[in-house]
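Below: one structure, written as structure tokens.
So that you can tell them apart, the chains are marked A, B, C, D and E in the order they are listed, and the count of residues begins at 1 in each.
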């Protein structure tokens, strides 16, 4: 038994000697993570304190799970939490595949010039601030002058005031988000596609595959590891919807479906300087996210041998 | 009507022309083998037939239809790739099944076909593995399997056996031959292994530098190579080519090799008729026709002095690397049973009838009818 | 490479349909840019009264004059370049070797380290602790602090790591047999072979740096260090404040909408140029010809 | 103008200050106003706040978190700093000022004595004052504006009560007052959704008890939320009805801040409720592009109960100003410095800028120079640039604003001022103890969320007010409204009742 | 001291053991060839020596030092990969130079070495091309070049010639041999081509299913295969193995083949001594020892009745696929010069002394000393 441990230590030492360069390469990043991300994490204590910035993390009194209790007893928070999951869940279903599809479509584009041009253009909206995007969306959906409603009424429907209807909010939010980000997000997949050996396509072509089939049976499986990684990360973000865009788009009238944890925190926490509550909400999210990811990662490692760690 | 016809096919990569105006007509059911040195354009030609490379000039027809602009999948051909091109995300069974799946074959049909192919190729134990977990030879067999499960109009093989061991290779060769007999599918087969070429081919196409040097049945090419290149390319070890000069001696033409020890070859009458005095020629001697059993009488055999540099034993035979008139010559001889040392061999016996002679300048064979 | 002329009819139809769909999407994504452009060269009055939708009205370059004549704009622009390219360089210099090390199976404790990286995707300290940490490290109000403080992020590390993992093992083996050190292996083999990935991550770094302002706002004090996006925020604050009592909005040549649009256009253009210039690295077949699969 | 009376120290004393306001500006020694003050008082105030940030709230919070407080902390942030001054003051970050004022600051003492409301409004639960506020002057901020030219064109009078208002709005909607042949008129529009709801005034309901939207109000010494009253129920249901009839801009919730420019510029907006000063500029600005436009203030129509009242008003005291940090080594000098700004000289300096440069004294009164008044930049913006009118602890002077407000607005304000009883009592806020604040913080944000949500839901007609009112009330109770009212009442009683 | 020593080396992939306890000692300067069927673990073994695979059990030493945990680059070995593993982003010259560059060699040294290697490998015209623009054989030559520019302590070759044409292959083979002679570097060479194995090896290691079957000099293995596997593996076409039963007839042991037409083999005395009556054996006949020249007298030759199924012409020789007692047997015979048809052959002559006999159960050779 003891000799086994000794052997392990010896192996370890030998491995370290053999691969020391590898550890040197890792070192800066490791130090960085420790110094810039892990060191301040002691600040997560705030979630369990009645935090006053002036008193500081150490000087603020402990309150145990009080902040969590406050959150979980707050029906508005619960609703925001459910909304968050719903929006990102729907996003996962409807928005997540879009950049993949887009990347696949770009990949099928024959004209080099066309491909360059269109790729450049579709990633443009990413750079346009959400304020402008929200403005455009509001204009498009205006019940009186918006293009969408003009089309609707020309088809004989009544105009819809989309942005005040809770039923429509998710559609509008996810849809416009896709439109804004899909082009940019497709870059990851384009990079993955670039790594596929062209001989596979040749082989498939001779085997009689149509382009459609090649897309499905070659391209897609080959970028699957990337998709899975992105998916797992996305699953980790199920409990996270950024507040900036929502705030521009939502209305009290649509809170029912639009109010998410981050907007809740924004309204209640930061404006009123309730860092403790905000941190608690963040921590609550993180724990759930982590549990989700942990599961997803485990499943993925089993099923596809791709994993986040 | 030819099954496959290449008409002045040219392939250029940018300014570089790698295939120059190839003409070839393959009859239905015929097994044609392309051989030639590395980089001579065999794969490129095959890929043009498959539809994987644009044809820079000329036309290719399959089954009478010009296919220059027909998609590979509509040409009804199957191909084994030189670099395998296995789908890394699919296991062996799925790799083999791919061609059938994309054609929407039924499950049981696919399964049966896969099992059949796997059995032929000795792949049964590996069906569930991914290509990454296979040895080189196993991968190559999978690539073979992928082609043979389909029943295409034309088979294209690009060195399908190059990574197999001798035993499997012989076995696979026979298997391919049998398959071809059974399915009677037109096949174009690229190889650099002339044993494969000789045994499999109905006709062999010898290529060199993007050109066709000679087309013919294996024995035709072996016995009557049109030029020095073909002669030296077929046969293993290749035919020895000894540079010589034609002189008239005793009324008949002889080829003289200059050197420290000048050597003369007597010519068969048919060839001698085509020779001019002073002509520079290459005298072709197949290693397996050279013999160490000297001293046997007869006008049909001549003896030549030699010096042995190196002996490579091959088991029951051996390769003698020796020199004739200073020029290297390889002889393939039986290992003497009497224990004589092969390094001592001083003279080689050459059957005169089996001499070949090529003009140095044109490379063409001199065979009297010229 | 693939020869597109050799497509079947069905495949060609597929191609056209695909191109048409992309064309539609492209048109829709082009709109905000055109809109911004139109706004930036219209008069403030036309924009504030909602008359600019697609085409500019009352053509004027007043907004650009306003912006381009501001010294701070140019300083901010310069800063953004420093943060973006300096930051990206530092990011890549730290993340590439790190991600490479994490991608190697022989790294001891690899699983734990990867988990440690991924963990930070969800758990972060929050603004105040991070700020205090930066203060403790003496990195407040320094360009370097802003560059180094955000050098890595888990997402990019994971992405890089993943791409490194997908480089065929054979290349590493060959280089090791050739006697390459880890560093050489990374530098001479993995980096060239992972160009699309590195370009992607580099692009992500560039883009996020280019767009970011929040931490610049939190960590910087001096005006002369602010990035463009922060300048934009300040202009907005400035102009809204002025607007509040402004009588001249309806006759003004520029308004905060037009100025904002002008700054955005000015700030989008460099990024716009980056993408096409790196696109060639997304070409297929980076490992073509290297191995027999 | 050497004046010994303003000297606080003989040797120049430098004090540090964190002062960030309006999300962008910081205190600076280079302000001419500041230079003057330093010259007069001998105290030089040096800024330590970030020039980079564009969020004053963050700047303040980070300062508190970092712990190294300068001598003075001040400024103005979104949502106000009053609660912060009080909270951190009680935690020990800021000095209580009561004794310091009593001993060193005659002007401040006099001011607080003269304005007990202000003093009470800024008092902490422990009874102390921790900061000197920015005290505005003037009463009316917003007014009802209407297209008087449209009224004329349609032969209507200025609406004097709810029914007339209804008629007018209806006519705006139906009768094509802009004459373009299309029914594109928007009878009533507003920049903020809540200003659309302001029409509930017509049914005697209030939108807020203070300048801040959705604030509590005091009725008979009791804290009440205006959005829970019976009048509100009536008001909101009527507003919903008007909204449904198209009398209120159907897109009022998504129009954004540029709605006045859009509505007036395109000649389609009929009426609004907005700031006097800025709104009255439009008639002038648009006279070329919209011929005949006359968008002018009018008195609030009489409510259903026959009253006339104006719901909005200027705050008595702003939740901004400055405080002395516990680290300050010169509290006496500092409070004297604060006091300086409440002196006659200081007050003029803080409002009008530097004599001879920005204003001249005429008849003992400051008058802006023409160079200031004729400058295309708004005067307040000009003042900020020199350090006047910034939210330090000072007392604003209405006359300075008056001088650059246009005539229409001034007439309007005069009209409102002459109408008796228009102004509503102001809720000046309560200072809660830590425990009270904990209760408030726990419930209030969600309550406000729910109330605004329901408000819009009602207006949009997505829920019928009568049908849902009980459920609404019940839900408020469930979300903790009684608890919130209770702690506020306690705080209120402590702060104001013991008068 | 051995240059390379494998001591009970085991390789497992998960639960799957693919190399079972291999023992092998290679002397300095020796040229050892690993042969064996596809998937038998040759590459794996080689890769363990290179340091590319972890060793699951046992030890490997190079130059007397245990290298189990030494990084490949510190083992001072060079390797040619079965799948080339060229750097796709570097051109041919850079690929070849890589190993020298990373060692920081001077520019002119590198250039000279690259040019030398390129000349040997006929790669001069391609130095500026990327691997993607090369033919399969050209790629393989680049892979070779990369290894030979360095002067390592040990060369490892994994089927370095499998994609070359016969001519180039012969040439390269000789080149490798010459290189080895000149540099005298210990080499381990994996191949499935026994001609390569026979001609190159000082010693051959025959592997099968992850085990070493026999180690010895080429001729040793060829003449005295330790078991049926080795016997059938070396030689092309492989040795025919005919199942038979031992019977005592006329005092001497004979092996009888059952079938429609029962056949008897007379045994050489030495072997007969090791045989038991009733024992099930495999009689081994090398195709090249079978002859169609029947009727020659002598006790050392016996004749066996046969039926020819298929004739594969190889030029001056041909393969006869025939049957003895119903079992398939291949004979390699000279093409008759007299024009006789080979399909008519009815009897084969077998030199008794060249018979091999193996026990069916153990597979071991029976050679009298048993």
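A few points about this structure:
The rule is simple: a contact is a pair of C-beta atoms (placed from the backbone, for glycine too) under 8 Å apart; a residue touches a chain by one contact, two chains touch by 3 or more.
None of the values given here were measured: they were computed from a predicted structure.
Listed here as common contacts of chain D and chain E: A, C. Steps from chain B to chain D, taking the shortest chain of touch contacts, total 2. Distance between chain centres (mean CA atoms), chain A to chain C: 16 Å.
Averaged Cα coordinates give chain A a centre that lies 58 Å from the centre of chain B.
Once the centre of each chain is set as its mean CA position, chain B and chain C turn out to be 56 Å apart. If you average the Cα atoms of chain B and of chain E, the two centres end up 22 Å apart.
In chain C, the positions touching at least two other chains are 7-8, 11, 127-128, 132, 181, 285-288, 291-293.
In chain A, the residues that touch at least two other chains are 15, 19, 53, 197, 199-200, 202, 210. For chain B, residues that reach two or more other chains under the stated contact definition are 51-52, 71-73, 82-83, 85-86, 88, 136.
Applying the touch definition to all chain combinations yields A-B, A-C, A-D, A-E, B-C, B-E, C-D, C-E.
Against chain A, the residues of chain E that register as touching in their complex are 69-71, 74. By the touch criterion given at the top, residues 11, 14-15, 18-19 of chain A touch chain E in their complex. Every residue of chain D that touches chain C in the complex is listed here, in rising order: 22-24, 49-55, 58, 61-62, 65-66, 257-258, 261-262, 264-266, 277-278, 281-282, 284-286, 289, 376-381, 384, 406.
Every residue of chain A that touches chain B in the complex is listed here, in rising order: 197, 199-200, 202-210, 213, 217-218, 221-222, 224. On the side of chain D, the complex with chain A involves touching residues 57, 61-62, 64-65, 67, 78-79, 84, 87-88, 91-93, 193, 250-251, 253-254, 256, 438, 441-442, 445-446, 449-450, 452-453, 455-457, 459-460, 462, 478-479.
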